[in-house]
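Two complexes are shown next, each including subunit A; its partner changes from subunit B in the first to subunit C in the second.
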Partner chain A sequence: MDTTTVTFTLNGTTTALAVSPLTTLRTALRENLHLSATKAGCSQGGCGSCTVLVDGEPTLSCLLPLALIEGQEVTTLEGLSTRGGLHPLQEAFYDRFAAQCGYCTPGMIMAAKALLDRNAQPTREEIREALVGNLCRCTGYLPILEAVEDAARRLSQ
Partner chain B sequence: MKQLGIVGQSVKRRDGLGHVTGQTQYVDDVFYPGMLWLRMVRSPVARGAIRRIDTARAEALPGVVAIVSAGDVPNNWYTILGLIGVGPPDEPVLAHEEVMYQGEPICAVVAETEDIANEATSLVKLDIEELEPVLDVEYALNAEAPVIKKWGSNTFIYDGMNHRRLRFGDVDAALKQADFVVDGTYRLSPIEHVPLETHCCVVKPEPDGRLTVHTNTQALYFSMDNTAIILQCPSNQLRFLGGTVGGGFGGKVDVITEPVTCIAALKTRRPVKWRWTRREEFQNSSTRAGVKMEYRDGVMRDGRIIARKVRSLQDAGAYHRHSPYGAQKHMANVGGPYSIPNVWADVYCVYTNRQPSSAMRGFGVMEASFAIEVQMEKIARTIGMDSWELRMINAYRNGQMRPVRKVVEDAALVETLQAAAELAGHELPAHLRAMHSNDTGEQTGNHAYGGGGSRL
Partner chain C sequence: MTVTTLFTPRSADEAVDLMRRHGSDLVVLAGGTIMMPMINDGALFPRQVMSLRRAGLDGLHTANDHVEIGATANLARVAEVNALPPLAEAARTVGGPALRTMATIGGNLFAHPPHGDLGAPLLALDAEVQLAGGRVLALEDFYAERASGSRAGTELVTALRVPRPQGQSVYLKCGRRQGNTTSVIAVAVQVMIGSDGTCSDARIALGAAASHPMRARRAEEQLRGRLPDGEICAAAAEEAMAECEPFTDAIASDWYRRKMIGVYVRRALEATLSIHVGQ
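For the complex of A and B:
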């Protein structure tokens, strides 16, 4: 089968991967690189559980062919706690019970990370808007909103 | 008593750190070297007779390793609740004589990649004679409807009857005596759970002959025991690993992925993964049952509900799954949290050629609650009474007999309504604030009516 080699930065490390042309970023992460934090909820861009950051932008990795991220920077949940400890978003999600079954959590945290990176003090409405593409079927939305607010406070201290 | 120190404190989730770091291992996160992928060939029609299943072209596709069909299943006919005596076994693991709903599993393709397995499913040629499907619960009970179950009826048989029956007091006499009769017919659609994580199973054959089974079932030992029965093997040959479920809500208590994946692993002697697509999750997984409920309540001018007559049809879909139990729970709860001295209910667990229904959060009970609480509002309007008062007058008190012949020991509706009113900023009049679940005086509705439900 035809393969194409794609080089990109993954959680700070230069990575090269030879894949078939239509392999998605999510499949590459989960099945070629065994970084399984990024989830496969619907595989059709409907649930947000596969959200990762591509050059800082929240991106549905289930719809994105890997070949399109040549030279770009990808951040997954595994890349969040670079110094070993938890990122303030992870601390806040843990402390505030913002994860129930946990399947939406990686996508939620990455979407929230993108928000806080460009807006350090978001309003409740801005948080809602940033997370509108991420479904939580345990319906624990309120603790998630509170966790993002809490993380913003922790980051500003 | 140090271990009791957590009472009254907020305790962190045991799995919380795994969830926020992405280290929690869900079933789809399990990969084994040399793992094969399974995809299912499903029925394109709601009801039909299988004439021929031609897998030749699928088998010839490079990368296809095995086909699993009904002949590979040691004990093909099962029913999940057979473990607690529900029967007869009415569902094939893989269909071979007939198909009973659109999406019913017929045969599995096992291949080197998921894409190849997918492609191969489209190469399996099905010759199915389409039959008239039964798609409506009322039609299913009609004498003209095709009979779709092998025992000659379209209903579950409870102790020789085609419905689950509740008889308490004399409903017809009480309805005649009532000042008002309030009717309501309520229909609820099937509801899909939509867990973010779809059904998934990974099975690895071990050198000692045992199978390691990773599954996101909500009912690990139920699944293990049923799988042992289907595989006709001692359960000590099965090592089931579970407990991490990416959302279930009752939708993952059917034994729906493990048996076929185990058989595929045994047949190929390689690890096999079967994960459902979102489309399969919507179209093929069990739902909450669709329901049609007919309520007739007899009410006195002072608010006492003195009679309730219910006919209710639960749409089980094509197979039992958990629906006979759901219909039974429905029967037990047609009265709701209210003390009604005369209750009559006929609850049917009806089979149709729809996607099977099964468990979902309080199934059978919440459907009744919907009908009951709309009835309460209707009754309140009919007799011109505040619906808070209507509910509190009729609420169970401790010591009363329920229609299912259980004495109420943990009544809490009065106190719950009082607390709800306070939270909602709704001021209750003094006589309602004074009520409590242990008052059995004559001032409180049915407690003055022949001792409530104590007459048997």
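For the complex of A and C:
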């Protein structure tokens, strides 16, 4: 079987990885690079728990072969914190108890990051629309919405 | 994983060449949101896969009388095409933002119902499918050719040409949730009213109501040349219920889909005609 070497930027660092042709970005992150924040949920594009940013766009890493992101920039939850501190989204999720089991949290935060990067002061409705593809099976949606609003406030200060 | 090669052609010509060489052994990905779930599930074991991500088919041009949308333009971009309101509205209702940055308009034509939400608005807008090699097909004929197993299923879709609508158009989707929902059914209508108040043209298209998106032609006939009122909208809805061929799946039964076709065709027509019957 062929392997392909794929070079891309991962959380600001140039990364090269040899993988089999259809290895997904999610599998590469979790199993090859041991970055386990990105979660393996439904593997069908239906739950949003594997959401990462590719060139700033929210993307379902379970459906995207790594070989297709040659030269592109990937941001995962691990890439949000700076100098050991939490990102305001992470702080807000923590302070607002926006995680119950926590499995959807990385996907929620990355989807919210994509929103806040282009709309610094979203309405509640805009937040709902941005997170509509992310399922929380604990159904803890309200604190999640509040956390994103809180993070927007923290980021604008 | 049995895949030995992932091809990433840099042009439509290269893609067509690969399709010719590998035939039906080649699984084609546009955005990957249909085929990758099947591969992840183990329902499909392709040996060769081709991605159109770098094939340069994602152009989007708005002209005076039409919009040309490249086959791999993603649904996030289609959702922003304000010149085509029912299509943009349909794109906005598919999945969430992450899915929409991946799913493509061309791929949507190959989705198995109840998926493939763009089909109904594209039919209502009278879209044409452009195939590699220059063949152009009305979308309705494209679906018919695919269903009959003839050529269109094996040719590369390069773009869609969508006339800018004149008159009123509406897209309504019936789902089991408010957002990120698969269609129970969907209805797109495009109605033109002449200066005398009669309907000069009408297109009514149904999604998730048959084995592929369809025009409800007998329902359309109820409107043409007549002064549309509540009764005529109801008669068109009756016709649409009679001519659709819905199916049963985990989302809804054929019985319920047919009922909803009636309700949503009537609502869509009333909305286009701004008729509020019995209110």
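Here are some notes:
The definition used in the following text is that the second predicted complex is superposed on the first by the 157 of 157 C-alpha atoms of A that agree within 3 Å, B and C clash if a C-alpha of one lies under 4 Å from a C-alpha of the other, contacts with A are read in each partner's own complex, and residues count from 1 in each chain.
Note that a contact is a pair of C-beta atoms (placed from the backbone, for glycine too) under 8 Å apart; a residue touches a chain by one contact, two chains touch by 3 or more.
Model, not experiment: these values are computed from the prediction.
Under the clash rule set out above, the superposition-derived model of subunit A with subunit B and subunit C shows the two partners fitting side by side.
With chain A used for the fit, subunit A forms the apex of an angle whose arms reach the C-alpha centres of subunit B and subunit C; rounded to a multiple of 10, it measures 80°.
After overlaying the two complexes on the shared chain, residue contacts for A:Ser81 are found with subunit B alone; subunit C is out of touch. When the two complexes are overlaid on their common chain A, residue A:Ala114 makes contact with subunit C while staying clear of subunit B.
When the shared chain is aligned, subunit B comes close enough to touch A:Pro106, but subunit C does not. When the two complexes are overlaid on their common chain A, residue A:Gln44 makes contact with subunit B and with subunit C alike. By the touch criterion defined above, A:Thr14 lies against neither subunit B nor subunit C after alignment on the C-alpha atoms of chain A.
When both complexes are overlaid on chain A, the residue A:Gln157 reaches neither subunit B nor subunit C. Minimum Cα separation between subunit B and subunit C in the superposed model: 5 Å. Judged by the document's definition of touching, subunit A residues 43-44, 46 lie at the interface with subunit B and also at the interface with subunit C. Residues of subunit C that touch subunit A in their complex: 1, 3-6, 8, 31-33, 36-37, 39-41, 49, 51, 53-54, 76, 95-99, 101-102, 179-180. Of all the residues in subunit A, the ones that touch subunit C in their complex are 1-2, 4, 20-24, 43-46, 48, 51, 57-60, 62-65, 67-68, 111, 114-115, 128-134. Those residues of subunit A that touch subunit B in the complex are listed here as 30-31, 34, 36-44, 46-47, 49, 76-78, 81, 86, 89-91, 93-95, 97, 99, 101-106, 109, 135-138. Residues 12-13, 15-26, 28-29, 31, 193-198, 245-249, 277-278 of subunit B touch subunit A in their complex.
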